[in-house]
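Each of the two complexes below includes chain A, the first together with chain B, the second together with chain C.
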Partner chain A sequence: MRRRGGGFHAALAVTVLAAAFLVLPMLMVILVGVTANWFAGPLAGLSLRWVLQVIDNYGGTILVSLQIALANLAATLLLGVPLAYALACAPGRLARAVEELIVLPVAVPGIATALGMVLAWGTVGGFRSHWSFILAGHVVFTLPFMVRSVLAVLRGQEFRLWDEAARTLGAPFWRRFFTVIVPNARGGILAGSLMVTTLSIGEFNMSLILHTPFTRTLPVGLADAYASLRIEVGSAYTLIFFALIVPLLVAMQVLAARR
Partner chain B sequence: MRASTGAALAAPAAIVWLAFFALPLARLALEGGDYLATLSQARHLRSLALTTALSAAVTLATLLVAGIAGTFLARQRFAGRSLLVACLTLPLAFPGVVVGGMVIMLAGRQGLIAQASDLLFGERIVFAYSIAGLFLGYVYFSIPRVVLTVMAAAEILDPRLEEAARTLGASNWQVVRDVIVPGLTPAFLAAGAICFATAMGAFGTAFTLATRIEVLPMVIYSEFTLAANFSAAAALSLLLAVVTWAVLFLARSRAGLVSAAA
Partner chain C sequence: MSVAVAIDRCGKHFGATRALEPTTLSLAPGETVVFLGPSGCGKTTLLRIVAGLEAPDEGGRVLFDGVDVTAVPTEQRGVGMVFQNYALFPNMKVAQNIGYGLRVRGASRMDTADRVAEMIEMMRITDLTGRRVDQLSGGQRQRVALARAIAPRPRVLLLDEPLTALDAQLREHLRFEIDRLLRGLRITTIYVTHDQSEAMALADRVVVFAKGRVEQVGRPRDIYHAPANAFVAGFVGQMSFLPDGTMLRPEDIAVVAPDVGRLNAFVVSSQFLGDRVRLSVEVEASTLFAEAPPRETFTPGQVVGLAWHDEAVLRVGSLAAPA
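Presenting the complex of A and B:
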């Protein structure tokens, strides 16, 4: 056992302060969001008034975000899992090159990609004003997280051996894909699914440029509420956002701890 | 797998990537027009300098705090440790807008700091909407990423090096300076690069807090939406994209994919 001298306590103090810095405002948001009147102090009593007001005024943004997040999950599963399988089988150099390209949308700031999207697709039919315009941005941005997550699990396994065994027993390709590859990659698929959904619900940088008044997402509405409404409304809105996203974040932590 | 099967599996993703990433970026590059004229405007140069300085300061502050916390948590076992790990990594995927909200809670007009300073000195200290608030927000969303990277590296640091140093009579401080910090330098570089690139491109926090602080993403946004100056917005976006990509490219060989979502 190490000695616990002054160094231990100094480092502990830094760590606790950093944790408090991250957590205190989260606790405050929760408290303010259910306080009747923050100006009069938290003793003025608790109330769901602000939460209900947010649901009344911004309920549409929550629905748009959930709709996009679900569609994004479906799209990244359909596109990402087959791609990860192909990359796991491809020769190393080719796989690395493709991975590099797939990850580019994460390295390039969302505001740049979104401007390009508006310039390239802004005048094509009704696409600009449809929610799938935002979806397209989210899919490109979150796809690498799905691909990397599935790829990491596949690369740590003897999946090629099992695939080969199923093939020599006469299983056709699609049967092997759904009964050998997908079940063995499920840990990576689950982790990737949590990640892409979390990122899609919270994505702002692209959504701000891509949205129209009819396709406003939750984070875009949230920025509006912070800027123009009382602190209780912004807090209640954040509270709703936490209710959507914190279970996903906790599930991710649990999943990562189990590995 | 036959090559044709692999190509067929990759094709749908490739088409989406080409249509909604490669094509838009190519269109952006065409729109950029006179890059030199855009990039040499005083306002744009000032913004670039401000954004770079802010990102560098955020990177140094985060590396110091999260470096200590990450190394500490990876090496020590004590009651409450996993709670601290959970607290420090939970905001990992918080969007920039929400981080802006957190800064308002801390340093806004009715925030914790304003209320505490009112109680103590009879004066409300408010700095959420200044560059200090932006700094605080960027440190907020950088801490979880850096803590995770540093923890992962510190856990695989060879304990025999430290034991050898102690056998040779090294003090605690000498072990930190001569064994732990050099061993973690690659992780610090990788985490620092991710932190810097994310801060350069961060938009949500700046949008929430400060429409008047001219960090580069805010300038791009105002050129595009308010001034309808598409070519300047495109040229600056590409500049930003090249800078963040280059910094991340240098780092990626060492660290895995870490969200640049803020």
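Presenting the complex of A and C:
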């Protein structure tokens, strides 16, 4: 094995310290979440009491978040994949402009976008108090991630050629879309799906503005729990959030490694 | 089954650039016509117009058996197309690729399987049926692409540089197979290539393109021996210019003993090409090429005689250029 110089060890030490700085708070939160009484210290015993309390009091927010995440996934798939395909096929400046335009909500602070939505649609029927109001915000925010992810795959391969071949063989648009384009873009579609779902479950800025007492999402409930209840409750809540989000993140990494 | 194809004043602009001047051509049913020319000459553009993948400029029309199909989208035109990069669908096995056009047009599973088996036998790829596309070599891919294009019994077959991505030996081998296939199918075919030997070998008629316009239309022998102009003459083969302006093909100039031929020349250099020796010789300050049998050897500065038959002289422009 190659001998490593002092520089390597110094770099390794910095990396480990930085990782510890980031990971330690999360480990703390997990520990606090299952500790019976944090003020007495972890030695006072572990307990699932707080986790159960969160499920009791905030179970609804978890369901709302999952519901919105699933609906968001469906919406971004339906809108994003055909849009990416259209952008990949359309040459020139217009396609570029559209691509930039849909990325705009990512650059603008979520609170600003959300306030804009309230101003524009807040008085339209029952939309404001329905959970689909938050969904609309999430779609605006996550759609570019789906489009970008699919577009990257479409641009990297010979999709236009495959499309032309399928056309000469007599396949109309939707037939080509579902038999040739989607199956060959599934890597990008899957990566995009995991990305938008993760973002939707964790989204706080817009949801804070868009929610009503009956449509609170998990991150909004989490902020409330930390602000008004015992530290153990907020921590247990975070633990549940981790349980939802970590498998998605791992799946994303596995997918990225396979490509 | 096979149709007559008429191309009527089809031109094409991309923005302000003219890719193709208005072009009129007609193909008889079952005829194989090769579009030959350097890259960017408009040959592929015209092929794509026939396929319906590009629309001609205003006023251009494409007719199949006298019926105007200009507005008919590609997917309803009934053409089969083979692409330079094969364009096989990576998510499907070989058999599914070949059967795609049949399934799309509503053929039953049974009929599709029968026709696919027939194509697989015809293309001699029996052992590849269950393979994934990425497990195939270039030559195998092109056979599958041909089978896929032919399977739905297209009215017109369009091949866009189908052999260009393959290495030289395979190219020659597949050229013979495509020739056999086209003779057997008797399907109206347009074949695009920049390779003059491919054009000569496969074509009933060759259409030579340059800079977006047709330079000459004719049988391979006419194109080669009676080119319409110096461009065609130079593109389809090499040329030697005698001091008096006479043009000959190098292979028509025989190297003989000094004072025996029509002219004497100095050998400048000689290249052994395996099946022949290519000589560069000098006559009165002009350099030209001649050919000798492979077992003869030459040294630079040596004096040789050059001989040729009268009928070997290229009659450039003796055939009328197309309107």
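The rule is simple: the second predicted complex is superposed on the first by the 255 of 259 C-alpha atoms of A that agree within 3 Å, B and C clash if a C-alpha of one lies under 4 Å from a C-alpha of the other, contacts with A are read in each partner's own complex, and residues count from 1 in each chain.
We adopt the following convention: a contact is a pair of C-beta atoms (placed from the backbone, for glycine too) under 8 Å apart; a residue touches a chain by one contact, two chains touch by 3 or more.
These figures come from a predicted structure and were not determined experimentally.
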Message = After the superposition on A, what does A:L169 contact: first (chain B), second (chain C), both or neither?
response = second
Request  = Based on the superposed arrangement, let me know which partner A:L161 touches: chain B (first), chain C (second), both, or neither?
outcome  = second
Request  = Go through the superposed model and pick first if A:N184 touches only chain B, second if only chain C, both, or neither.
outcome  = second
Inquiry  = Looking at A:I245, would you say it contacts chain B, chain C, both, or neither? Reply first, second, both or neither.
reply    = first
Message = Considering only the defined contacts, which chain C positions touch chain A in the complex?
response = 51-53, 73-81, 83, 85, 87-91, 100-101, 104-105, 148-149, 152, 158
Key: Of chain A, residues touching chain B in the complex   = 2-3, 5, 7-8, 11-12, 14-16, 18-19, 21-26, 28-29, 32, 38-39, 75, 78-80, 82-83, 85-87, 89-90, 98, 101-113, 115-117, 119-121, 136-137, 139-140, 143-145, 147-148, 163, 173, 195, 198-199, 202-205, 208-209, 219, 222-223, 226-227, 231, 234-235, 238, 241, 245-246, 249-250, 253
Note = So, in the complex, the side of chain A touching chain C is made of residues 158, 161-162, 164-172, 175, 179-180, 183-184
Ask   = Which part of chain B faces chain A closely enough to touch in the complex?
value = 1, 5-7, 9-10, 12-13, 16-17, 19-21, 23-28, 31, 65-66, 68-69, 71-73, 75-76, 84, 86-98, 100-106, 108, 110-112, 140, 143-144, 147, 172-173, 176, 197, 200-201, 203-204, 207-208, 217, 220-221, 224, 230, 233-234, 237-238, 240-241, 244-245, 248-249, 252, 256-257, 259-261
